[in-house]
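Chain lettering (A, B, C and D) follows the sequence in which the chains are written, and residue indices restart at 1 in each chain.
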Amino acid sequence: MLKILILEITPFMFETIITPRVNETDGAGHINNTVVPIWFEAGRLEIFRILTPDLSFASWKAALVNINIDYVKQIYLGKDCLIQTWIDRIGTKSFAVGERVLQQGDICAKGVATYVYYNYNKAESEEIPLSVRNELKKHMTGEENRNLRE
Amino acid sequence: MLKILILEITPFMFETIITPRVNETDGAGHINNTVVPIWFEAGRLEIFRILTPDLSFASWKAALVNINIDYVKQIYLGKDCLIQTWIDRIGTKSFAVGERVLQQGDICAKGVATYVYYNYNKAESEEIPLSVRNELKKHMTGEENRNLRE
Amino acid sequence: MLKILILEITPFMFETIITPRVNETDGAGHINNTVVPIWFEAGRLEIFRILTPDLSFASWKAALVNINIDYVKQIYLGKDCLIQTWIDRIGTKSFAVGERVLQQGDICAKGVATYVYYNYNKAESEEIPLSVRNELKKHMTGEENRNLRE
Amino acid sequence: MLKILILEITPFMFETIITPRVNETDGAGHINNTVVPIWFEAGRLEIFRILTPDLSFASWKAALVNINIDYVKQIYLGKDCLIQTWIDRIGTKSFAVGERVLQQGDICAKGVATYVYYNYNKAESEEIPLSVRNELKKHMTGEENRNLRE
């Protein structure tokens, strides 16, 4: 109940519904661990769109430098999952994405993905432009959502 | 226009919305060919549920024997796709699933997947039970949708 | 025995060893069906190299138009698989790749993938250049391997 | 030179050769980030075999609790990769796997995966048996390989 309330007051989050696929299960009977990074990347689509509005790979700006994922609970076929994605931190040239996957209300995995704002043509990182920074900020956790960081 | 009309009178189809993922693209810039069989399998989820209502792998009944896919048009990141899935043919021990993927109204790939009704514990095919057969029939193309078979 | 002999007299084939991965299994306990198209594409790497020697996506020449795969036998984790890949047919603008996967000597799946020789910049198919055609021919089944086509 | 020397005196490592696949690239032209966790899991196959000698999912013992991966350098199609996998730490009920992927001698990504020794039937973690612990220890970094941990 409280959980639902919290979700309602967090419009900064991107939420993506994912229906688990048979090929994403493994022999142990649940969703394979390597699928979570794939779902988390899928959940970042609107963040990629902030960086590269037409999603054109020729002007792609995000380069991943680290992922750190805690696996908390098994995920099963048959029930939709909810991916929640937000901005955890913005630096001069890099930013961190907070993310988690829930199934039937339970947090099953949570993580942080760190990106640099990267110019693939020059092969070097660049300062995040102000317009992009302002857009990213809209999806940032504030003090009231500090619990998401734990 | 006609197309939209046809879709509206075909409730026998299962329709699944798929948002293409960055990891599903390949270096050629569009969705990799090997992703289409994955999306098609995802589109068969409700058919698997007819065969195995609780989707439990311990009582899984579907064994794939053939897939045949025509690739018609490139699929791109950035726009949702629609997977349409229906029953094309029902035999004594086997059935064929018709399927296609559309992006922005265009058919991008279409195929047929042939399954046998299979008892994994006995390691042999079995006759499709009448109750399953009746349920599958509800999703079968009739004469009016014969065009789907071409 | 006879099988081993045939393999030894078929140097036209490309052979690729694949170690099945845990994430490639599914809840039914064996390698998921959608993995076979992925392995088959992996087995075509040297064919792609004939078409695009530096494997650069900017000058990629192969566009897939059809795959047709028969699933014959389950594939399991724990034993390496052998992918065999050859040219089945060469037309003016298209060619067909024959392929199969064996595990412990048993054919587990076999298929044909049909490609057109495609200019992605002009967005149209082109005649296969003579040099490419000659190279592809070296990997074609002859009369003595006609059994591969069945 | 020094690097080659170090590799030669580290027989504790599992080394797995991986040929990058076309479907593992993404629109940005290199191997997609989500593929690295898949390759790292593939590199742990012999560790899974220590825990579950017949690799039977019915008696699977490893449950992943965390992955932490640094992405250092792009990985490209066309050249084989080397996955190096070793034991970084062994606790009472858990252990950590160190791992990295090299292409043409360069470290492209490195990470740590933390597992608990888990009884899926009882749904609880268990102490790592002495025989398993002794086997894992053979693949552990010693003082002389402390540099791997950085």
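Methods note: a contact is a pair of C-beta atoms (placed from the backbone, for glycine too) under 8 Å apart; a residue touches a chain by one contact, two chains touch by 3 or more.
This structure is a prediction, so every number in the text was calculated from the model and none was measured.
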Checklist entry - Stepping chain to touching chain, what's the minimum from chain A to chain D? => result 1
Checklist outcome for this item: Turning chain C onto chain D by a C-alpha fit takes a rotation, in degrees to the nearest 5, of 180
Checklist entry - Among the chains, which is located farthest from chain A on the basis of C-alpha centroids? => result C
Item to check | Inter-centroid spacing, chain B versus chain A (mean Cα positions, whole Å) | outcome: 29
Next on the checklist: Quick check: how many Å separate the C-alpha centres of chain A and chain C?
Outcome noted: 36
Checklist outcome for this item: Residues of chain C that touch two or more other chains sit at 22-23, 25-27, 29, 33-34, 38, 41, 57, 77
Checklist entry - Which positions of chain C touch chain B when the two form their complex? => result 26-29, 33-34, 37-38, 41, 57, 60, 63-71, 120
Checklist outcome for this item: Per the touch rule, the chain B residues reaching chain A in their complex are 16, 19, 21-23, 25, 29, 38, 41-42, 45, 48, 54-55, 57, 77-78
Next on the checklist: Taking the touch rule as given, give the residues of chain A at its contact with chain C in the complex, in rising order.
Outcome noted: 22-23, 25-27, 29-30, 32-35, 77
